[in-house]
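Okay, here's the structure, questions in a sec.
Chain lettering (A, B, C and D) follows the sequence in which the chains are written, and residue indices restart at 1 in each chain.
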Amino acid sequence: MSEIKFTKLLEAFDRVAETAARRSAQTIGRRSALSAIGKLLVGGAILPVLPFDRSGSARADTAHGAGEADCEYWRYCALDGFLCSCCGGSISACPPGTEPSKVTWVGTCHNPQDGKDYLISYNDCCGKTTCGRCLCNGNVGERPGYRMGIHNDINWCMANTQSMYHCTVSVIVGVAEGK
Amino acid sequence: MSEIKFTKLLEAFDRVAETAARRSAQTIGRRSALSAIGKLLVGGAILPVLPFDRSGSARADTAHGAGEADCEYWRYCALDGFLCSCCGGSISACPPGTEPSKVTWVGTCHNPQDGKDYLISYNDCCGKTTCGRCLCNGNVGERPGYRMGIHNDINWCMANTQSMYHCTVSVIVGVAEGK
Amino acid sequence: MVNRLGLALTFLALGTASGLADDLKVETPRVATLSPTMQRVYVADAALPHMVDGRIYLLDGADMSLKGMFEAGFAGMMLAAPDKHRLYVATTFYERLTRGKRSDVIQVFDDQSLKVVDEIPLPSRRAQALSYRSLFQSSSDGKLLLLQNATPATSVMAVDPSSKRQLEIASPGCYGIYPAMTRALRFATLCGDGTAGTITIAANLKSSERKTGAKVFDPDGDPLFIHAERDGDTYVFLSFKGKLVRMSVEGETAAVTETLDMAAGTSDWAPGGYQPFAVDAKAGVAYVLMHSGASNGSHKNPSAEIWAYDLRNKRLAARSPVTGLTSLTLAASDPTTLFAINLVDSKIVRLGIDSQTRGIKPTGEIKLGETAALIEAPR
Amino acid sequence: MVNRLGLALTFLALGTASGLADDLKVETPRVATLSPTMQRVYVADAALPHMVDGRIYLLDGADMSLKGMFEAGFAGMMLAAPDKHRLYVATTFYERLTRGKRSDVIQVFDDQSLKVVDEIPLPSRRAQALSYRSLFQSSSDGKLLLLQNATPATSVMAVDPSSKRQLEIASPGCYGIYPAMTRALRFATLCGDGTAGTITIAANLKSSERKTGAKVFDPDGDPLFIHAERDGDTYVFLSFKGKLVRMSVEGETAAVTETLDMAAGTSDWAPGGYQPFAVDAKAGVAYVLMHSGASNGSHKNPSAEIWAYDLRNKRLAARSPVTGLTSLTLAASDPTTLFAINLVDSKIVRLGIDSQTRGIKPTGEIKLGETAALIEAPR
């Protein structure tokens, strides 16, 4: 699943780059860029290793004891949207009738239980009208869209065939090594 | 305008009756019915004289001093919807970009200023997404849909080409004679 | 090229800086499934402030948690068919959200996947009204869907969901659909002159016949709510002033067989709400949302109490102080459980009935809904 | 027939019982019109709980009353063109509200009638993002619309609204559109590696060229907000830590010409919000939404104060305690008036500036909006 997401994202980048190359006179060093990106597949294959800010490791404010339906729960440190836990899903499951987003943004959140920082993939759940319950707005490590992989003011269902946004799950996809 | 509304409503009744006559085996005495309705045009020509409940003359609860953006204002005694006064229109004007409904329901509300009961036509304003401000729910004299002309749990933009409901105005179309 | 490379390098930096701990369990997002045996509660919410985006909530009555939702579009109406594992939603779409070509349809949802599995096109005459049970029904054999039209002239659309064949049945001046229990092709409707029409549809779905009997209610003096409850092969209706009216719609014309004055001697109290009562047919008890200070126009007022009326012994069994409710339904699977909409506090409430005293107490709730009107617990 | 007649008789009874009093002024509903000279304030509200039904509110700044609204659909973005009397809204529609065929378009509204007068179809690549000014711009001569795409790969769509001809311009890793003031076919964009791309579009709208200069900001240590304000022929950007960065995008590559550390010596304070500052170019003053207790992730926090920073004398002129604001704009017609979104209390606020002290006080408000992000007062 992680591999799939990563691959899809690369495909998406390539697709637009191709389109652009065909349509405009600008020259993008496709080969060089693909070569550079290619190294990632060696370096950290099974992670959806999106760009993120190393200085931005999260300290959830009041995470201890917060439940999965509270915005304060530690995994939600960079989640901007409706908690699927309040919408018929769970912290890692989309509600019935929706599908997980193919691309995601990634946050780094501190788990107060074990003291480690985790990489969290914020998959939007797609294809049903917005849930409307438990709106959270965490922005730890978040950046504007020029760092798209850690940007959260955008619909991450955008690459799905059915791109309607319903809610957001928070799944652990890696652990951030100590700083 | 009142005449137009009334005519449209009759046309609507006739249209469905015709359709039904064509499609089903039931026999509706169209001539008799039209003849009976025809008398109305003599009796009260310029009023959109929809069926309403004579015993239902309104006494607005706290009408004295209530403004046109308050649900308590006397004319709103049977209004179920968003006040156009809060949406860019006024008590008798639809907001820009919308159009008044072609058919309406009618309430009878008591004006505490002059002590008279007035017939109020609740025109929905149509063609823009719902306003969402100042939701009121007055039901004086309201009846279920078997008395459609005084029913308010339905979209009165239904006969407009653009039938989206935006808000509701309250215009005086007659005075109810003393009981 | 620089930008592209810049992005790639950011990827790379991360790739080397992160890794998997030995004991880390990497998760992948999955899609939740529904228990096939859950206590289903459906709530239709017109979401008036954003009327294009009405929705139907699916709750698990066991813990009052939200399990999923169905799109209801603009002024959508719902009809659950648990035996077929379907939820039907009659609604309207516009080409440009609020403008352009209007398409009226019945969307057929699978009640396990919550996905649309079929769509039945309709003429653009369906009543764009608040969802009341009597505006969207199925015939007693479950083979036909019966949907109220209003343009504002009224008619009923009989729809075969399998073939999508349809028949429009004129019913001018009448509203509400009450299918006969023993005659699958028959239904009744309430009319503005106080009569009820009885419509019998031809088996080939090509024609219908209508008969009208004597007056069955007083639309001026004491109108009937259009919500009705089944009790054996009769319907129980409720009047604005608190009369319970039993009607048989099985014959060629509808007939009142019993009238019980539930609120007699309590002139200040009256029923109110959008779905103001529920009937336990087995026990013979009606549960009614009642408010005091009743007056002209208070017939949609929220409850101050729930009254339990014993239909067999013709007496008020209990009055329970439960406030703010505007819609009420009895769980099909459990006659000691009611579900209700509290419009005042925007929540959905579960209530327990003491089967001895018929006293009622809240036993659970969820904060949910904006302008919800219809609640059903069909299994 | 009886029912039909019954209805007719009800009509008749009313017809005879009612009449017009001699002095009664019968009203007919009319449609309100807008004053052509009103102080227009536009507020884009994504309405997240009902995201298909976003809207743009039109306020009269003189009395903070709502004058009308525009449909914004799903994640719509707005761009006002007051000189053309147009409001452009880039948005997405689905055939069945939330499902089915996706149509991305620019809806062209007339700003007097508030009606859609034209529609420009787009490929389905536009950024379905919160409305930021820099994501939907027009070229400095007003002839081209420039819209951010994201799939999530980023590009910019240049659209001629007259001919509807379009050019997609790749800008991988970059985001935001900053049109050059003296070169109508040029714009800059911020990139994830800290550079800015400068794109020059061919006059025939068939190709474009991009150049990239040196780093202009530090996306890791102190990122720039993507909102920027015009000041003469430069843009003023703002960093997360409170640096005001002046950039010229007129040349072949963008260049920083000045950096002012507004928050120097107040380490606990930082800017925050979705549209966190406004610049009065004539007076040379920046107004910035500031919060204390700044930390990683607080860059969208609502204001505790508005700081007025004197760009010419490079000093903080005033700190005014105005809380809860997340978006701020200066009235184009009056440099002593700001308009702002208060997301905390869901209201839109007008603020008055003391032109001597640069102190700021609220002077009016309206309760409005759910998740509004962008506010503009273009004339």
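We take it that contacts are C-beta pairs under 8 Å (C-beta built on N, C-alpha and C of every residue); 3 or more make two chains touch, one makes a residue touch a chain.
Note that the structure is a prediction, hence the values are computed from the model and not measured.
Take the average of all CA coordinates in chain A, do the same for chain B, and state the distance between these two points in whole angstrom.
51
Using mean C-alpha positions as chain centres, tell me how far chain A is from chain C in Å, no decimals.
Here the centre of chain C sits 39 Å away from the centre of chain A.
Please work out the Cα centroid separation of chain A and chain D, and write it as a whole number of Å.
Centre separation, chain A to chain D: 26 Å.
Residues touching two or more other chains, restricted to chain D: which are they?
Counting only residues that touch two or more other chains, chain D contributes 4, 7, 9-10, 49-50, 52-53, 71, 97-99, 172-174, 191-192.
Scan chain B for residues touching two or more other chains and write them down.
In chain B, 17, 28, 33, 51, 54, 128-130, 147 touch at least two other chains.
So what shape is it, when you link every pair of chains that touch: line, ring, star, complete or other?
The chain contacts form none of line, ring, star or complete graph.
Okay, what are all the chain pairs that touch?
All touching pairs, sorted by chain label, are A-C, A-D, B-C, B-D, C-D.
Given the complex with chain C, which residues does chain B contribute to the contact?
Spelled out, the residues of chain B in touch with chain C are 9, 12-17, 19-21, 23-26, 28, 33, 51, 53-56, 58-59, 77-78, 81-82, 103, 127-130, 132, 135, 137-149, 151, 153-159, 162-165.
For chain D, which residues are in contact with chain C within the complex?
2-4, 6-7, 9-10, 47, 49-50, 52-53, 71, 73, 93, 95-99, 107, 116, 171-174, 191-195, 197, 212
What does chain D use to touch chain B in their complex?
Going through chain D, the ones touching chain B are 1, 4-5, 7-21, 24-34, 53, 55, 58, 65-71, 112-115, 368.
Under the touch definition given earlier, write down the residues of chain D that touch chain A in their complex.
Within the complex, chain D touches chain A at residues 48-52, 74-75, 92, 94, 97-99, 102, 125, 127-130, 132, 148-155, 167-170, 172-176, 189-192, 199, 202, 207-210, 219-221, 223-226, 274, 296-300, 371.
In the complex of these two chains, what residues of chain B are touching chain D?
Answer in residue numbers: 1-2, 17, 27-30, 32-33, 36-37, 39-40, 43-44, 46-47, 49-52, 54, 86-90, 92-100, 116, 119, 121, 123, 125, 128-131, 133, 147, 169, 171-177.
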